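What follows is a set of structures for review.
Both complexes shown next keep chain A, but they swap its partner, so chain B is in the first and chain C is in the second.
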Partner chain A sequence: MSKIKEGIFYTDSHEWVEYIDDIAVIGLSDYAQEELGDVVFVNLPEIGDKISAGEAFCDVESVKAVSDIIAPISGEVTEINDELADNPEMLNSDCYSAWICRVGKITGEGKLMDAKVYGKFLVEQE
Partner chain B sequence: MESKTPLYECHLRAGGKMVAFAGYLLPVQYAGGGVIAEHNAVRKAAGLFDVSHMGEFILSGKDGLVNLQLLLTNDYSNLADGFVRYSPMCYENGGVVDDLLVYKLKDNQYLIVVNASNRAKDYQWIKDHLSGDAKLNDVSDQIAQLALQGPMSISIMQKLVAAADIPQTNYSFKPKVKVGNIECLLSRTGYTGEDGFELYCSAADAPFLWDMLLQAGEQFGLRPCGLGARDTLRLEAAMPLYGHEIDADISPLEAGLGYFVNLDKADFIGKQALIEANPPPRCRVGLKMIDKGIAREGCFVYAQDRTIGHICSGTMFPYLGYAGATALVDRAYKPIGSLVIVDVRGRKLQAEVIKTPFYKRQK
Partner chain C sequence: MRLIFEKSRQGISQSILPSLDVPKYKFAPQLQRKTAPRLPQVTENDLSRHYSQLARRSYGVNTGFYPLGSCTMKYNPKIDEEIAALSGFAAIHPLQPPRTVQGCMQALEQTSRLLCEICGMDEMTFQPSAGAHGEFTGMMLIKAYHRSRGDFDRTKIIVPDSAHGTNPASAAMNGFSIVNVPSSADGCVDIEALKSVLGDDVAGLMLTNPNTMGLFDKNILQITQLVHDAGGLNYYDGANLNAIMGVVRPGDMGFDVIHLNLHKTFATPHGGGGPGSGPVGCKKILADFLPSPVLYHTCCALDFAAPPQSIGKVRAFWGNFSVIIKALTYLLTLGGEGIKQAAQIAVLNANYLKSLLADDYDLAVPGICMHEFVLSLERLKKETGISALDIAKGLLDCGVHPPTIYFPLIVHEALMIEPTETESKETLDEAAACFLKLYRLAYDDAQILHNSPLTTPIHRPDDVSAARNPRLKYQF
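Now for the complex of A and B:
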């Protein structure tokens, strides 16, 4: 059973988003990293990139395939987690700490679920 | 609807993550493992694979050899009993129908092992081109195949098989060997770049053989391995996979398989086309990514703003620790050290032509 962190929000494409004041932090859920398998490369966005909810803004490569990461919200990338460039496996080992980027100037959000709703969503997925 | 191999229940018990592949449900990886761990187990210890999806045909009749010689690009006239030989099988235009292994059981009796995804096509192609006294039987459903691969494979096999029954040289086999109490065809072959064995047994015996091997191998670090590791292992060893490095529109000469094409042989299907296109204008090369990123199948390859080819297969090599790929490119870029650009989803990444196989085991 996939781990779900309380107090943050999830998309139906298995990204998580945590709001800290007016900044949103984005990462991948435990379910996502399990589905991906061993992550070997993260093609990070760049600071200043404008991202739109529901649209791909970066991608991650597992041994077998490449997967788009879909923006949970709309806004502007203010910070990226450089550590992932050298240690992409952090997305597997500690997915709720291994954030991908922080986004400011938030102008909108896609369809987000809280931990409880996301838990039900995962059960229906199985 | 996908078929199950005789080992389906074994995979579920071992935590296999099942996916559809070539009409079968097979594990892509196992719980507690993952592609990288499974890959490295095969390089450093041993791995056990279910390859029961592969197709097996028996070719028999007194014109068996004559037919093989006509169907396949390699030469079988001097293949001895108990030996195995690899060959491409070509269309008239030199494109590849499939690549396969031929086991010589005895004079004019051969076991042919083909790719699962090509089984029906191959059966039809061979049957349509048989002449004289030759009969083809598809025995795939009665046979299970397991692959035990890695440096510790020999130690595991020695626990279960009498020394005299272990095939000693690469590409040799023993047709009837007791592995524990199970009768197998035991072959010193594989698809990983390591020493190892491929074991053919009856479908009914397969789960017992699987459990016996896993148990015998536990002390040597043996672990079950899925399709994910099978693909990264074969790619690190630069072994071709049908649909990637070879295909109906890629000739074996382009794919760098000239060693397995005997143009001096009297005649075989595709010979004329292969002679006319020799040397071919494009060839297979190995690439190492210089820029960060992973080239994937289908990505275009450029040099001096011109398209010079495409990626056949690409991945992050788990054992070597760098991203690499095979590519089919203009032969001007064949020399080691040639620099090319790979378009990876809009990003232009530099890569260098390097020697293949990427990984070669120390003997």
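Now for the complex of A and C:
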């Protein structure tokens, strides 16, 4: 069973988003990293990129395929996790610490689930 | 097997060049290299053996079953190579005056006519070098068409989620934004989802039919009509034409522009990266925008000219000419009936192999398939831990080339199998036996499959660290 972190929100495409004050932190859920398999490359967004909820804003490459990461919210990228460029395996080993980017100037959000609803969603997926 | 660099011994190679008897030419200092290249030194005999050993270790469509199918490369009849190598075709120069290459120009025109007939198109360009280049060219035609009508607001291209990854890329390279439409449960385009994204900002739709699930979209006429009604054009990705050539024509399905992969469907080789050929055919409404130059008839000969509103060149000269000659040879040796039969047998073979596997393996979508079918190993993985990758590696130990894995992306643990028309029933039976043996092995002794392949020169490489820390050259 995939690990689900409490207190943060999830999308149906398995990104997580955590709100810290007026900043949103985005990453991949445990289910996502399990499905992807070993991640070998993260194509990070750039600071200043405008992202919009429901649309791809960066991608990750695993040994299986390249997969889009879908923005859970709309806003502007204020910070990226450079560490992932050299250590993409962090997405596999500790997905809830390995954030991808931080987003500010949030203008909207897509359909988000809390941990409990996401847990049910995963069970339905099985 | 040792690498050529590991076989190298200083001083063993000999120069076989005669001594210099013309004045030495001195290059400018910035062009002179400071150190000699670090080439391996081996004897001619050892060099010959090295490459023969490498060749013996390679596996291809000439070695055994190769279910990557026309999607990658189907069997190429040898006569195609022989004809393309005739000096009249092979020893010409692209800058020769047209009057001196009338035969070659006739061959181009004849190929264009035959392919247009198969696709239901009116005109064709041979310039694009391969499929994605063809897509790019087709998207340019659609853009030029809308602009010529003074319509600058059509900025979106609709692409189904089962499309080849090159489709959205080709559209994006032309400045379009991509709208994804999901597939419905039967693997085809979701009509309601399509309707919801159509509007006067849609430039066109890109579709592969049969799609990557190996299914012919039965709503195709409705789909293309809906796009036309919204003022968009329909682009046909010819990647899977092998299933329908001679049977049904994309032009009759409502498509306006199409690319073909001569190196997939029309039996020209492209292993090792080329050369391919991705001709683009179009309906009359797009003909004026075709890349320059196109063929036309003067009173008594063929000549080249630029179409009136041409998008310009997309490649130097006339495309990969020898590939076109191979395709022409293939078309003429099979003939109209043969082309149709090739498609029919490709579909029959896929369905036969599918029926042999369907009792054990799960089909991604049930029912009759076209030239290829997709298995999902999701359940097998849950029950045994054996993934699509493990089955693929196990097939290597059976002496069978694995099929495409993890594609299409919308199927979990996908195996996409395309046997093509040239495989015999015996070969398909043998291949099916291998697949079924591995399925049982997953339940009986999964560890064997986790360790496979064991009989190949290289066992299971560590593809994760190979991708994370690639070593792309020999480390001296």
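Brief remarks follow.
Definition applied: the second predicted complex is superposed on the first by the 126 of 126 C-alpha atoms of A that agree within 3 Å, B and C clash if a C-alpha of one lies under 4 Å from a C-alpha of the other, contacts with A are read in each partner's own complex, and residues count from 1 in each chain.
Just so it is clear, a residue touches a chain if its C-beta (ideal position, glycine included) is under 8 Å from a C-beta of that chain, and two chains touch if they have at least 3 such contacts.
Predicted, not measured: the structure shown is a model, and the values here were computed from it.
Overlaying the two complexes via chain A brings chain B and chain C into a clash.
Contacts of A:Val40 after superposition: both chain B and chain C are touched.
Of the two partner chains placed by the overlay, only chain C lies in contact with A:Ser67; chain B stays clear of it.
Shared-chain residue A:Asp59: touches chain B; no touch with chain C.
Within the superposed three-chain model, A:Gly108 lies out of touch with both chain B and chain C [touch as defined at top].
Steric collision with chain B, judged by C-alpha atoms after aligning on chain A, is confined to one stretch of chain C among 59-67, 203-211 or 239-247, namely 59-67.
Looking at chain A, you'll find residues 38, 40-41, 61, 63-66 touch chain B in one structure and chain C in the other. On the side of chain B, the complex with chain A involves touching residues 28-29, 34-36, 39, 228, 231-232, 292-294, 296, 315-316, 318, 323, 345, 347.
By the touch criterion stated above, chain A contacts chain C in their complex at residues 35, 38, 40-41, 61, 63-67, 88-89.
Residue ranges of chain C in contact with chain A, taken from their complex: 165, 389, 405-407, 409, 412, 463-464, 467-468.
Contacts from chain A toward chain B in the complex involve residues 37-38, 40-41, 43, 59, 61-66, 85.
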